[in-house]
Structure formats: structure tokens, C-alpha cells
Amino acid sequence: MKPNKKLKLGLPKGSLQESTIKMFKKAGFNIYVSERSYYPVVDDEQIEALLIRAQEMPRYVAAGVLDCGITGQDWVNENDCDVVQVCELTYSKATSGPVRWVLAVLKDSNIESVKDLEGKRIATELVQVTKKYLKNHNVHADVEFSWGATEVKPALGLVDAIVELTETGSSLRTNRLKIIDNVCISKTQFISSHSSWSDLWKRNKMQTIALLLRGAIFAEEKVGLKMNVHSKNLKKVLSILPAMKKPTVAPLSTKGWYDVDTIIDEKIVRDLIPKLLKTGAEGIVEYALNKVIP
Amino acid sequence: MKPNKKLKLGLPKGSLQESTIKMFKKAGFNIYVSERSYYPVVDDEQIEALLIRAQEMPRYVAAGVLDCGITGQDWVNENDCDVVQVCELTYSKATSGPVRWVLAVLKDSNIESVKDLEGKRIATELVQVTKKYLKNHNVHADVEFSWGATEVKPALGLVDAIVELTETGSSLRTNRLKIIDNVCISKTQFISSHSSWSDLWKRNKMQTIALLLRGAIFAEEKVGLKMNVHSKNLKKVLSILPAMKKPTVAPLSTKGWYDVDTIIDEKIVRDLIPKLLKTGAEGIVEYALNKVIP
Amino acid sequence: MKPNKKLKLGLPKGSLQESTIKMFKKAGFNIYVSERSYYPVVDDEQIEALLIRAQEMPRYVAAGVLDCGITGQDWVNENDCDVVQVCELTYSKATSGPVRWVLAVLKDSNIESVKDLEGKRIATELVQVTKKYLKNHNVHADVEFSWGATEVKPALGLVDAIVELTETGSSLRTNRLKIIDNVCISKTQFISSHSSWSDLWKRNKMQTIALLLRGAIFAEEKVGLKMNVHSKNLKKVLSILPAMKKPTVAPLSTKGWYDVDTIIDEKIVRDLIPKLLKTGAEGIVEYALNKVIP
Amino acid sequence: MKPNKKLKLGLPKGSLQESTIKMFKKAGFNIYVSERSYYPVVDDEQIEALLIRAQEMPRYVAAGVLDCGITGQDWVNENDCDVVQVCELTYSKATSGPVRWVLAVLKDSNIESVKDLEGKRIATELVQVTKKYLKNHNVHADVEFSWGATEVKPALGLVDAIVELTETGSSLRTNRLKIIDNVCISKTQFISSHSSWSDLWKRNKMQTIALLLRGAIFAEEKVGLKMNVHSKNLKKVLSILPAMKKPTVAPLSTKGWYDVDTIIDEKIVRDLIPKLLKTGAEGIVEYALNKVIP
Amino acid sequence: MKPNKKLKLGLPKGSLQESTIKMFKKAGFNIYVSERSYYPVVDDEQIEALLIRAQEMPRYVAAGVLDCGITGQDWVNENDCDVVQVCELTYSKATSGPVRWVLAVLKDSNIESVKDLEGKRIATELVQVTKKYLKNHNVHADVEFSWGATEVKPALGLVDAIVELTETGSSLRTNRLKIIDNVCISKTQFISSHSSWSDLWKRNKMQTIALLLRGAIFAEEKVGLKMNVHSKNLKKVLSILPAMKKPTVAPLSTKGWYDVDTIIDEKIVRDLIPKLLKTGAEGIVEYALNKVIP
Amino acid sequence: MKPNKKLKLGLPKGSLQESTIKMFKKAGFNIYVSERSYYPVVDDEQIEALLIRAQEMPRYVAAGVLDCGITGQDWVNENDCDVVQVCELTYSKATSGPVRWVLAVLKDSNIESVKDLEGKRIATELVQVTKKYLKNHNVHADVEFSWGATEVKPALGLVDAIVELTETGSSLRTNRLKIIDNVCISKTQFISSHSSWSDLWKRNKMQTIALLLRGAIFAEEKVGLKMNVHSKNLKKVLSILPAMKKPTVAPLSTKGWYDVDTIIDEKIVRDLIPKLLKTGAEGIVEYALNKVIP
């Protein structure tokens, strides 16, 4: 370890901020953000963090002002910067999935596909990506930068269509918009500049952070499940457990009974528990995990 | 599974909202509420959720506008609706216990029991239940609907008594009120309409939700407890463990030592730990649980 | 147990409040704070809690108005009260470490050490401690009580130096201050009055609370770590595990494989996981703990 | 004046509160509202004020708990209380006009008039007035009390129609509702109980308050207008001034010029000023008024 | 005028801030306060303003860090500083009158006068003034500095009495306290250091500010009143007008009628208007004033 | 008047919104903005208002979506749109003056003029105007769009310079920036599209709005001043009154005395009043104005 070495890490200010800090905490890095300060404090002396907007992150990483940063694939594309993708992180603002930038028009509009946009006016915060998308479809349209409130603009008669971010779709529904197409599906990215990636100490540090972050994200979708099973049901129970990690089987203090402990997808628990009860499992207990490294 | 089937589920807007969404999350259902939208998004395609006030929930479930919903027993009684009680859920706004609607008067009032209310004036949000309560006690009094700030009304001289919700009693104390009687003890309820309950697919779906919710609620009151025990103390330690689930006993890497792992009531931990230490248990570790299905 | 006995416990209102209540919850005591009330409700009938400022806590404990309370060592010193230290609790407002009161001056000031403060003007909320500190260094300076916004005063030209609280240092950085010296390193304290400490029932109650609180705090820094290990790697893996608690080794359902489960320092996880992967551990899972009693 | 006499005056808590206090201030009564207190302090020793909801005001005035109060005509009707109308005050929450309770349905609903509501479901906060309105039209429908968010209920499919308050109509527009009919046009009222009205001292006090309040409200719609006019244009200018108060004509320091000063409707200023300029008025100055008593 | 000369003016941060800035605006000085900045911008190049707490103002003025400042008499006394009183300004936080520091105890306490405080415990923010007050009454009691929430301390059993600020008394009423005595009646003060007062340019600048501030404050309590009066009533009307400024009498455009315009105390308007109406005045109009310099 | 004619007016959402609505109110147009609605209601049936960002206003006016709108000259330049300037309005967000976009660098930077920016990196929200400015100075530099927090970027090391809005300069001071040059001085503009300007009815309507708005703005800087003067001093007093409007001189009820009433610049009042007092004026009264049309 070289004590003087520092990794300059950009953290996304704004909508991704809270979920990013939470994920780093689970990965083992405590980040303290003081109000009014752009320098969060990380409990790792080798990391120097800076809070900047996700939109601007690729620019400052590419320029070498930062070694690396967390941002969305959407903004990497929009800035069209040459950066290294250290790893993809499957979390976003509200959900654990990617965000979508969709092409949307008023529900009662007769625009049905991207082809109908010829000569129309489109508002978006993602101007370059939208222009490239239109070019790929051989459509000519005015794409204008929107300073906010994009979703109300079609109803106000200001534009014909928008390209806007959506996670759950409910804001589109509120503004009576229908989705015509996906323009960009974007996951959170951990990116590095080329020069920092060439520095072995920095690359190794980034890879460790990535390993732990992925472990934390993976753990979000997993749970531990324990249950009591009598020896006569053990085989059946083990056969329906889709374990990533092989189940542990340990004897209970009561003879003939075993504790089965395993790690499974949180998503399937709601279907699995009724089946386990039928197969004879008892005392089923689910517990949360901080990190899962397969 | 019939992919086109949908269960219309009402979630309580307001004071119960946060604890309900937290409980569904532990039960395995992620609910995303967008500001300004009444349609929360649930990560289960078979559920269509709607946010409405707990006060109005029984009315819309009874009318069949919703298949089922989460509300309080108090509002089921107040609306006097004919609904099916799928299951009782022991959580409320602030604590894990039920809420109480109490009859309260000023500390220095000479009203001592419900009998002293003859001819008096009572403010409450729970008008029908209060009238029924008075009728049961053969007392005639004016019951008026209170639009809020009920607890300050006796001190302002506007009414003689109130029937008001209390969880911890501290708001009553602040307003110098004394409790005369309990009018209604209310737990959170998962209710269904009769017609939805007759639909087997819907009933099965509701029963699965209820099973998982109960598991999540039960887990709130339980913890996992692990400890290292030498073989010579094992019997004594096992004898004082009031396990719901039989304890697991597994050998440690050090010879003669065992790991004892069990699930117990969180409430008794504070008394149990000193005893365990005396019996020779070491390295006691407590961990939280997501779900417990006995 | 004497049911009529009550322990009067002071909880710190303000910046320490949230972390204290969280720690008591992990220790097994649920505390409900109602807005506008100074009497939090604790789910232990033997405890009567009161919310007061940490600054004033030592004064009211020493005077016997309260049996015991949670405050900082800084305020015990400032009030110069004769109280019993039941135990030290290593948590503070934002981080898990102690807080520091530092002597700070403007970055471009030519004050380099406490000696340069002779005849200068110092603003602080911690007047008595600061005066004692100066006396120990044989420095004569004006120490004035600051009613807030202490950190901006040097830049406004109002004072030459300040003695101010810092946890992460970022607020000092924002105001372009440099730290000259530590005046007081302060941990959170659980204090008692002498008379309450002499009462055996009260002392026993306080010691139980202290045991559980320490268990909860200790658990903050620990995590559980489980992994699958083949018998051929078991020895190597066990040799690099710095377990506080001896690891549990239990057979998996797949022959030749074992589950290794242990409790370690959260701090070392980020270095340990890469090593474990190299030694042949698989399916590494980290989980959080509520209490750890060694 | 009897110094011991007090007039108990109810002020409306909530949406009317701010505009009411502002109007009393212009009328010459300063009212200080402390957070958390229901007793505003009035700088008139003969008045004792109490803050309660406008909805409940008629009830407590009719019952004699208060001598008089400010509320809306809507709530007088809803409570169906026998009170004295001291005077009508033309101000409301946002505008200076009355508020309207309108019957509204979804824009694409085929309900076109009150007659189409037979057998339908209507949500409102104004249940009694709505029932009376339906009865007058010989329509039978379910009227249910709405606990809030009334305007979103038709779109959620919970009810067929609503009766809701509107001042500017923009909230209805946002929720895609169309107005079918006016159910109640309501102005702010100053009401008294019969017994207080019979007390001559109280009646006189209420009449003075009413006189000053009306003066303050009247002043909201008036402005003072001054201008310089040469003697040759004086007649023409005076002829187009629609003065409530006869204009003052005073000589300026420059010979042949006059100052014309008058009080007119604020509404017509925007049309009048261009005309005055054409007629030769110069240096036109508009100023605000506190009270106008015709 | 010396363009390079600057007057360093301290403005009170916190509860007096808003009313002070409003008063300076009326006096003709626009003060712009940016969030996060301690340097308000004044549209007078000769003034350099600084925002600091009223409690600390006398200290920094006496030390010459500031030339002058706005604070309360209470804090001048508490700091016991030797400053020049430029002028007294009759406005405070909420009302236009002075603030009072009162000695208060619980309503049901048997402490009836300051004499009963012997050996008791008193909490206050105004420690030095309170000690002097007790000394004047030959009473020995513990006076402790209160860090806030002073008014709830008697009810919590922490102290026997408090010395606390009150403007309208409603916060005392809420906490069931009764007032025993006035400890300090305090008006807002414009203070200067002795050395700045000796500088003729600075003294002149301060006196101009004081003249304009007093004009603005005086205007708060005055209004302009105009009315139409027929010549036959003119004498009677003039006889009941208690004008500070002699009334202007100007002819109206209608023969025989006059406009009477005068400046009177706002306080008497509510009694005067009914009398004027009886005397034959018509079209009475009240208007507000920015400054009144008698 | 053609009742069906409508003028589509864009009002600036955001920082200019409050001051714009206040100015329209003084001009005689009441604008009601409902939360969540983009359609403010104006009490003039000929106006249909829409709230959109000032940045986007020129674009939508130029495109004819709106007839006219209020925005800043800065955004007219940035959008480089061909619009008609109806009139200039001298008010801005905080002060009554124009806003400045300044080129700023860190205080300790060695960049001293625009010439030193060659090859540097500049962040701004006003990209096009900044590029034009650099071109005029023959400087080549990277101009990047800033998504916010522009002022902290130089200190974070992200850019070398910024072009940023300033009204009072205090935010620049807080971030230790020095101003190198003015890039754009911008006043608020009332703009129209060419086609709407050609429509006589619309042009006339816009000119009336402009006349009244200018009257309201002008009144911000003026006050009315009245005083009592004895005939012997009248000439001297009149000679020092710099009246826009010739002063009115009217006799008082006391013989030999006159009332002098005039309109003057608010800015000079603070110097004028001491002079007037010396010249013998008494009972000086200042009052505010709503509109001044010279």
C-alpha cells in the first residue's frame, strides 16, 4: 500500500446521490456528506471524493480531473466521452433496475412511431442521444434542450414529443403521455479515465471497489433463508431449493431434525414459501444480507 | 397463474402509509409511490394498487371498487360495511401494537365515567362508533364530527369530552387530558369484498399476501441469537432458551465448543442475555430477521 | 423486580438525539418521541425518560433531578459536575468515533500554536474547558461565549480564533480554517448521580442498560461472514479469519464442502474478501448484526 | 365603555386565516398568532379571539360558546345553524370574489346535468348542502363525505361526480373535470349568535368591527389617483373621472396648473389611464388605500 | 462627503432580523441578504453591514469591531458593555412595543413573589441581568444558563422558576406559567462605540440613519385620513381631528365641499370614524405612510 | 373590444416569477398561480397566460406558440431569436437593477483579463453568449454547459473560469471568486413575435400592458412627500424640491401655513429630509405609490 496515493472519485450529486451512498455503505465505505460541502468524507484514506452532477461526470473523468466516477450510461453517451467502463452497477434512483429514456407523445396524438416525427419538435434533456436516435431512423426533427418540466410541454402545446426519463411510468401517466419507443436504456456505471486505468495502483483500487459494490448490489436481490426440516423431508426440501450457495445442513438440538440454511433470490421467496410449507419445512426464517460474492 | 388477472389493492394514504409500505417490502413486495400519483407501482404484475385514505377504504372495498385493502378496524366499524376480514395485522402508525380510541376529558374535570356524559357535548372523528358506544351505556350526548385539532377542544371550552386516537398517550398528556375509558381498540386489518373473496384466484392471491405479511410482522418481534458454548455448559444453556424454532447446535472449529443458533422474542433478549452470560455462553450475537413463518 | 421502581433517564435532545434513539432500539428499548413532547415513551415500564439538551444533562443528573443520562464528555467537563461515569459509548452525531473540539484559526493567519493566542480573542460554546486549556498553557486570552455560527467569526473579523466541534472537518474547510490543536476529545457518556448509583436496584438497572448498549454499539463495527469452503482449503481459510468469535464449521449438503460462519470487524472486510477468494472460499455472504456481546 | 366586557370572536383556522388576519389589520386590529396557540392576541382589550376551523364556526357560535365569528356562507348552510348575519365580507382565500362549490364530472363523462346523477355516487366535503341541492332537483344519489383529495376521485373510478370548492378553476382543469352546475356560491360571513346580538354592548362592538372591516375590504378595490391638469383641460378631465368621492382640485405651484386627486375603482384604472393621457393629464400617480368608507 | 469612508453597521441575525430590514427599507435603505452570507448588501456605499446575533452585538460594538449596531437593551445590559445609545427604536420581533423578560413560575406553584425564590433554581438566557435583579432584592438563588426550551423546564421539574422573554404572553399560557414580576423591559437600541461616536463623519451618518429610522417607525403608528366635508360641517369636523400635522383643507370640484386631509394615530381611527360619520364627513379614506417626521 | 380575442402571454417560471407577478399586480393585473398548474389565471379575459422558464421564452415566442412574454435580455441573446422588443422593464430577481453575467475566476488565480483565457475551460449556463464574447476578443477556450452549482466549480478544480449571473455579488464573494469582466448586462424584456406585433389588436393590448407595467416599475423608485410650510419659507422649500410632478400647494386650516405635496425619487429622500428640516418644513410625511406615469 502506498499511503500517499489517492483515488479521486466522483459521486453523483442529486437524484442518484442517496442510493449511491447507501450502496457504498453496504460495500464497506462510509461516506459523510456535509451540507454545503462538495467534498464528502470517506472513511478510506486512499479515496478523495467529490460530489458533481451525473450529467457532467463523464466530462470531468475523461478530462482527467477525476480518476473515476459513478454516473449513468445515458450521460456517458450524451457527452460522447472516451472513458473506461470499470463495471456496470444495477441500481438506479428508485428501483434496482435500469432507467429508460422514452419517446413519448400525448395519448390522443396521432403520432404512432418515430417515423411520424418528421418535421416535428421534440424537447429533451438528452439532446445528443436523441439526435443520434433520430438519425438512425432517418427522421429529421427539431430537438431542443429542455430546462425542466419536460413532461408537461406536449399538453401545453409547446412541443410535439419528448424524450424523457422514466422509472415507474407514473409521471408519464399523470401527464397523459403514451410511450412510443425506448430511446436509451441506461444502467449506472462505474467509469475511469484511460490514464488512471493504466496506473496499476489505481486500477487495483477501482477493481476492489467494484468487487465490493457488486457484492452489495447482488445482496440487494438475495436473502438468507433458514428452516427446520425433519430427516424424512430433507431430500424433498433440498430438491426445491434453488440455491446459489449450497445449503448448509446442521443438526438441531432435537433428534431427527435439521437446520437448512441457504441463500436465494429475494424475488422467488413469495412463491417458494408456500411450497416449502407443503413439503414439511417448519420455522422458516428469512434474513437480510449486506454483501453476496458468488 | 393467469397473467391477465389483477388484484385491486387499496393502500392507506397518510399516517399508516409509511409503515404499510415498509411491511410490504419486508413481505417481498416493493411499492414505489410517486409524488402526485395515486397509483403506486408494485413489482408484482398481478397487483394493481391505489392509495386512498384509511377512513374511506372500507366503503370502496365494500362497493367492489377495490378487491381488497389495508385499513384499521376502527374505520371498518365506523363505516359499518360488510367486508371479509382476510387477516389482522399487528402494526400501526408508530408502534407495533394496536391503536386506541379513548374517551378523554380535562384532568380537572369532574367527569369520571361515561355515565357523567349525559347531556354533554363530545367531539370526535369517529362519530358512529362513539354513538354506538354511548347507546350501549344508555347515555345521551351530542356527538359532533371534529375536523381536526380535537385534543385542544376541551381546553378551549368548545366541548366537554373527546373520543380520540392515542398510541403513546403523550399528546393527551400535553393537552392535560385524562382517559376515562377505551371506546375502541383497533388493529390494522386486511379486508376483502365478498365477491372478490368468492373468486378463487383472488382469494388465493390474498391468502399468499396475508401469509407473507404476517411473516414480516412476526419477524419484527423476533431476533436471531447465536452464541459459543462449551460442551460442559450446553445442556444448561439449551434449557433456558425459549426457542420458537428449535436451536441449531453446530461444532466450532475449536474442539469442545459449539455454536448455538436460535430464534427468540426480541422482548426477552434484555433479560436473557445476562442469564446466558452467567450460564457460560460466550460471543453472543443478535441479528435481525425479515420474515418468520412458524 | 420492584414494579413501582422507576429509573429517570435523560436523553439528549438535538444533534445526538437520533443516534441515541437508534442505539437504544438496537439495544432492545423502543423509544417513541412525539413532536412537542419532552417525555419520550419507552417500552420498559421501569424507565421514565426525559429529553433535554446534552449541554444541560450533567447539571440535572448531578442535582438528582434525573437518575442518569446520556451526554458527551465535553459537557461533563464544561459543567464541572460530580457524576458517576457508568460507561463510555463510542458513537456520536455522524460517525462512530469521538467528537473533537479543536482550536482553529484562519488558514492565512500567522497564529501557529496556542502560545500565539496571548491577548487574543476566542469564541466558543465550551467556555470553561477552553479557559482551563489556556491556563494549562499559561496563555491569557479573552474567551467569549458564542451563540452560534462560531465557524464564520474569524473570517468576519470578529475573533482571532475559535474552539469548535468537528466530526469530519468539512465545515472547517468550507470556512477556510486550519486546526492548531485539539482542546477536548469527547466520547458519549452514560452518567449517573452518586445517590442513584448507591441505590442497588437503580445501579443494577443502569448496568443492564449499559451492557445492552455496549452490545449494540459493538455490533455496529462487526459483521457476520459466511462462506462455502472445500475440505482441502478449510485450514487455510480458517488461518486467515481473525475471528472474535470462533468460526462455526458445518457440513453442506454437498459432500466435501463446509459452511464457515464467523463474526469479524467490518473495517477489515474490504481487505479480507479478496484474500478469501484467493484461498478458495466461495459464495461469500456478509450479514449485519444487532448486538455483539463478546 | 365597560372595560370588563369581552367579545368572544372566532377566527377561521386554515385557508381563510391569512386573508382574515390581513383584513383585520387593515381594519385597525392587529392580531398576533403564536405557533401552537389557539388564542391569538388582539390589540383591543375588548376582544378575546379563538382560532377554530371555518367548518365548525357556525356550530360554536350557534351554541353560544363564541359571541361571533368569521366563516363562509357554505359552512353556515352545511351546519344548518340559526345565527345572525352581521355582514357579508367579499374576500376569500385567494381572490376577492366568492368561492363556488361546483358539481363536476370527468370531461369525457356522459353526465351532462344534475338530472343524469340519478343513482350515482358523489363525493364531497359539503354533504348536507349537496343533499339539499339534489332534493331540489328530485335526484336520488349517494352522497358520501370525502376526507380529502376529492378532485382525483372521479379519475380513480371511486365516484361518478364530486361537489368541490373552486376559486380559479385550475385544479379542476388539472384533474380533467368539467363543471356541470354551481351548487353553492359562498361569501365570507361575519356571524353572531342571537343572544350576543341582543346584548347592546356586544351588538355595537360587532357593528363597529363590521364597519371597519367593510371599509378595509372596500379599499382593496379602490385606489387613489392624482394628476396634474392645466386649467384648459380641467373640465374634460373631470368629466371622465368616475369618482366615488368628488375629486379635489388644488392649485400647483406653477400657475395655470391644478392637482386633481380622486378615488376610483382599481379595475378601471387600466382603461382610464390611456384616456386621461389623451385628455391632457400629466404626472399621473396611483396610490393604495387602507380603508374606504363611502 | 468622503467617498472612502465606511460605517460598519451590525444588523441583528435571527428573530429581530426581518423587522429590522423592513424598517431600514422604509427608512430608505434597501438591504439584500443572501442565504449563506453574513454580509448583507446595502444600497448605500457608505455603509458596510454585517449580520450577527443581537446577543453578541454589544460586545463587538464595544470592542470597536463594528462602528454601530442594532440590538436590544436587554443584551446591552447582559453584556454590561460601555456603548453610546444613538437612539431608541420602538419596534420588536412581533409587535411594535418593547419586549419583557418576566420571572415566571408554574401556575400551581406557591411561589408568589421574588422573595419566595430564596434557595431556588432559575433557568434563563439572561444570566447576568437576572443575578443583578436577585441581588437588588436580596435573594440568593441558583441562576443557570438555559440552552433553549426554557419555558418547559418548570413543568419538567428541572427548575423552580424561569426568566424568559415574552411579547404576547401566549407561550407562557401554553406552558401553564404565571408571571411573578418584570425583570427587564427592553426596547430595540441603535448603539455606537465611543470611538466611532467621536468621529464626526460617522456620528453625522449615524444621526441621519437614526432620523430616518425614527421617521419610519413613527409612520407605523400613523395613517393619513382624507374626507369630503361640506362647508357647514367643516368647523365641527376640524374640531374633532387630533392632528399631529395641521389638516389640509382644499376645495372639491363640487361647490361648497372641501377635502380635509390629515395625519393621525392609527390607534384612534377605529373610534374616530364613527364620530366623523356622525359629524357629516363623507367618503372617508385612510392611507398608509412610509415615514413621518414631526 | 373584441371579446373573443386573446393575447397569449408567457410568464417566467422560477426566479423571476415572484417579482413579475408582483409587478403585474401593481400594474392592475391580478395573476393567480395554482400549485401544479402551468396556467395562471389572470383577471383580464383577453389574456391567456402560461408559465414557462425564462430560458425557453424567446424560443416559444419566436415560434409563435406564444404572442408575447417576459424574459431577460440574456436569454433573448442566448437563443438568438428574432423577436420584437415591446419594452424594457427595469426589475430583476432581487433588486430593481439589471442582472450581470460576469466572467469570474478564483481570487488567487493569475488570470487577469479575458486574454488570459486562451486554451482554458469555462463553465456557464449561457453558452452561446459566452462563445460570442470570446470570439469578439479573439480568444479560444472550451465553453461547457453547466448544469448548476457553477460558482463552486473553479474551487473544485473542474474549470478555470465561469460566466455566471450576479445581482449583489455576495455569492461570488462566498466562493472566493473575483470578477474579471462583464459578459452581458441584462434587463427584463417584454417581447413579442413579429406576427403578433403586426396584429393591431394584439399590438394595442401589448402597448397598454407595457404602459401600465412601466408605470408600476417607475412607482417603485418614487415616493410621495408632503409637508407643512409657513408662507415665509414657501419659496425656499419649493426651490429645493426636485419634483417630477409640480408640487401641489394647498392652504392648511391654520392661517399662514401651506401643505406642499410632491412626487420625488425615493433615492434622494435620505439626503433631502435633513435639508427640508433646515429650510423650515414641518410634519414631513412620505407615502408609497402604486403607479407613476410621467
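Observations on the model:
Lettered A, B, C, D, E and F in written order, each chain numbered from 1.
Throughout what follows, a residue touches a chain if its C-beta (ideal position, glycine included) is under 8 Å from a C-beta of that chain, and two chains touch if they have at least 3 such contacts.
Everything numeric in this text was worked out from a predicted model, so none of it was measured.
The set of chains touching chain B and also touching chain F is given as A, D. With steps allowed only between chains in touch, the distance from chain A over to chain E comes to 2. Think of it this way: of A-F, B-D or D-F, only one pair shares over half of the A-C contact pairs by residue number, and it is D-F. Two copies of one chain, chain D and chain F, form a contact in which under half of the residue numbers belong to both partners.
Distance between Cα centroids is largest for the pairing of chain C with D. Between the Cα centres of chain A and chain B there is a gap of 33 Å. Taking each chain's centre as the average of its CA atoms, chain B and chain E sit 53 Å apart. Residues of chain A found to touch two or more other chains are 36, 250, 287-288. Pairwise, the chains that make contact are A-B, A-C, A-F, B-C, B-D, C-E, D-E, D-F, E-F.
Within the complex formed with chain B, the chain C residues making contact are 27-30, 32, 34, 36-37, 39-41, 43-44, 208, 211-212, 215, 219, 222, 224, 238, 244-250, 260-261, 263, 287-294. Contact residues on chain F toward chain A in their complex (touch as defined above): 13, 38, 50, 52-53, 55-56, 59-60, 63, 65, 121, 144, 146-149, 152, 156-158. Looking at the complex, you find that chain E touches chain D at residues 94-95, 167-171, 173-174, 223, 228, 250-254, 257, 259, 266-267, 269-270, 273-274, 277, 282-288.
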